[in-house]
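So, here's a batch of structures to check.
The two complexes that follow have chain A in common; it is paired with chain B in the first and with chain C in the second.
Now for the complex of A and B:
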């Protein structure tokens, strides 16, 4: 079972919720609600990966994340330009008597090597990021890190999800990047449930509406966590009521908690009673998924 | 020393790395402070966070123009022509093509489709066409504080960087034509495609950090990104009083990179209060601690925008189609 933790707006507390939820599920190894604990936490926010700062995991293995990019054998190339014609990303151009490659534009689709009538194009990996996996206590942990200056996070996310496999039946928790475009979609699209973390402010509301549109379009089950409850206004509550979105947890705003989280503590560190509340949340979500699966 | 052409507006981009550090609250305050008062500089605003655009919520824009944005294409298979040969499935590297449950025709998952057109070129039955996607809209608006260019990427669409570039290009054109000397770009979080697009062509970046462990980490990623593209950067710290140690870390990090930390904004309920009222905090509660800090920050920033040239212009080139 996969639960993705997402939001439209950044900084609403996705990582706080994902990390604290994962830690709340470490002490009980028995399958509960159909998902085996302790879970695998995958930090999929490859542009700004932060979960390790709270978990301080031991990294046991790493791998490169790469995109396959073309290389042109000049001795065979006739400068026909077909490769550049089929490239939807303008990563290849024939200029004068050479084929120019703009590797950071290449999505690695392989179309150029397939169309080249001379067989002059081979492909090789270009590293755009790295993958890491290990443990934080009982918790399994994995993350992807996009290299600075690289424009495309999606290949790193895609490879991370394929590389960091949960054990059979193991619950995986995916910490998504903010926004509602391709990186966020790549994380949530095959999730069994999406936890949307928001804050009760006009910005939080506006971006939650967009995130809800995404999960509706993808046909995913979702519920809401309201963080910093008590600041702002009623808009998020009203939206959840009209959209029939369950509010699964409210985390009240408290300045001393904000300070503790800023120092790198988790919800469970500052409010031990949240261990039970988060376990309850996980149980509720897994039951919803099972009911939906059987219904 | 670089000279500015009078018809080329300077570009200030506000970035953060981590989401939710307060970029938009800062940008809204700058829109207000740039519009009138002792440190006014006529500015065109751009909301470059096209998948969660919030600046419009606090600037009260009246939309003057609306335009469709066509993003990439998605493959579609004509089941009448598809012979079920599976070439498309074999060549697709994005696992976007599967055989339909019944019968032999294949179908494309539009969400997984990368728009690369490999299947289109390889299909022996010419059964595939590429359909351009209406991926969003961009708007030219009149706000309380001057022109605003903003955009909306439709949910789950790609090409956010391209839409950012488009909105910025339109804003730059308008600023040049109407004699605005400054473009203020409210950037998206992160360090990849839309953030690079927002930073591309900027003269100066202001990176809004927060002193949390995550905030410090992501601020450093953002500084690495702007350094990579040789974009001159300044830093300010929002919610600075939440973690003194974090501010010290940011000070050290800025010092090591020769980047100036030009201001701290305290945690202040007035910021949320102003947002609820649909206003910049400097307009709603100018005498609040955050209001004062933002006014001081803007004043400091105008030194970099006005008197001193904002260093060499960035060479960041934005990959058009990522």
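Now for the complex of A and C:
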């Protein structure tokens, strides 16, 4: 089962929830809920991964993340321009007697090599980031890191998801990037459940509405975690009621939590009772997924 | 006949200049001798990425010899240079007519050495 932890707004507590939820399912010996394995936490926020700050994982293997970019064999190229015409992102241009390639604009779709009537275009990998996997205690951990200066996180996320495969029956928890654009969609698109972490403020509400639109469009099951509960207003509660979104957990606003997070501690370090609450949350989500699967 | 292209907000000689190259609203394609001009909507204005590259190809197809704009991104500079289209910055000019006069007087600075690093795109 895959649970994605997402939000519209950044800084709502996605990583706090994802890390603490993962740890709640690993500690004190046996994995919780009858699962055969402790969960796999995948930090998919490849532009700014931060789960490792709390987990301090041991990395056991790494791999390159790359995009396939074209190379043009000038001896076969007739400068017909079909490759440039088909490129949605203008990564190729035929100007004068040259084919110009702009690798950073290339999304790696391969259309140029498909349309080239001369077979002059081959594709080769261009490394744009790296993948890492290991463990933090019993917890399995993986993350992707987009190289500084690279504009496209989606290929790294896609490769990370394919590379960091869970064992059969192992729960994977995917910590998504903030926002509702392509990188977030790539993380949540095949999740069995999306936990939307928000805060009860007008800004949190606005971005939650966008995130809810995304999960509805993708036909995904979702529930809400309200972080910093007690600040702000009733807007998020009202939205959850009108959208029939379950509120699965409320984490009160408390300065001691912020201070602990700043020291690299987790929610369950500060409030040990949250281990049981998060296990309860996981149980609830699992039941919802199973019921939906049989319904 | 040589042709120069100006980035403009509307297809008119008295229109305001558009400071953007790749995402300019319109181009005025002008014969600087006769002042005959043609207004062209920029097909790359809403491009998902690489607008500067696409715009450079568009100007090459229209056989522009020079282009005047507010500035040029690194990818656009590389593409325009390869296409043999000279780049000029309109500086404090406000209208197309003003930029054209200063271009003809040789008063606009040329962009002659494209930046080293390729652009990031979007």
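The rule is short, and it goes like this: the second predicted complex is superposed on the first by the 284 of 295 C-alpha atoms of A that agree within 3 Å, B and C clash if a C-alpha of one lies under 4 Å from a C-alpha of the other, contacts with A are read in each partner's own complex, and residues count from 1 in each chain.
In this text, a contact is a pair of C-beta atoms (placed from the backbone, for glycine too) under 8 Å apart; a residue touches a chain by one contact, two chains touch by 3 or more.
None of the values given here were measured: they were computed from a predicted structure.
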First, second, both or neither for A:201, with chain B first and chain C second: first
Most chain A residues touched (candidates chain B, chain C): B
Partner chain(s) touched by A:151 [first = chain B, second = chain C, both, neither]: both
Chain B versus chain C as contact partner of A:94, first or second or both or neither: second
Which of chain B and chain C A:20 touches, first, second, both or neither: neither
Touched partner set for A:102, first chain B, second chain C, both or neither: both
Partner chain in contact with A:159 - chain B first, chain C second, else both or neither: neither
Touched partner set for A:217, first chain B, second chain C, both or neither: first
Contact residues of chain A, present in both the chain B and the chain C interface: 88-90, 102, 104-105, 107, 149, 151
Contact set on chain B toward chain A in their complex: 16-21, 24, 50-52, 54, 57, 72-73, 91, 93-94, 111-112, 114-118, 121-122, 153, 155-158, 160-161, 188-196, 210-215, 217-218, 221, 224-225, 228-229, 239, 242-243, 245-246, 267, 269, 272, 275-276, 278, 318-322
In the complex, chain C residues that touch chain A: 44, 47-51, 53-54, 56-57, 60, 75, 78-79, 82-84, 118-122
In the complex, chain A residues that touch chain C: 84, 87-91, 93-96, 98, 100, 102-105, 107, 149, 151
List of chain A residues in touch with chain B within their complex: 8-12, 15, 47-48, 50, 53-54, 68, 86, 88-90, 102, 104-105, 107-111, 114-115, 146, 148-153, 177-185, 189, 201-203, 206-207, 210-211, 213-214, 217-218, 231-233, 255, 258-259, 261-264
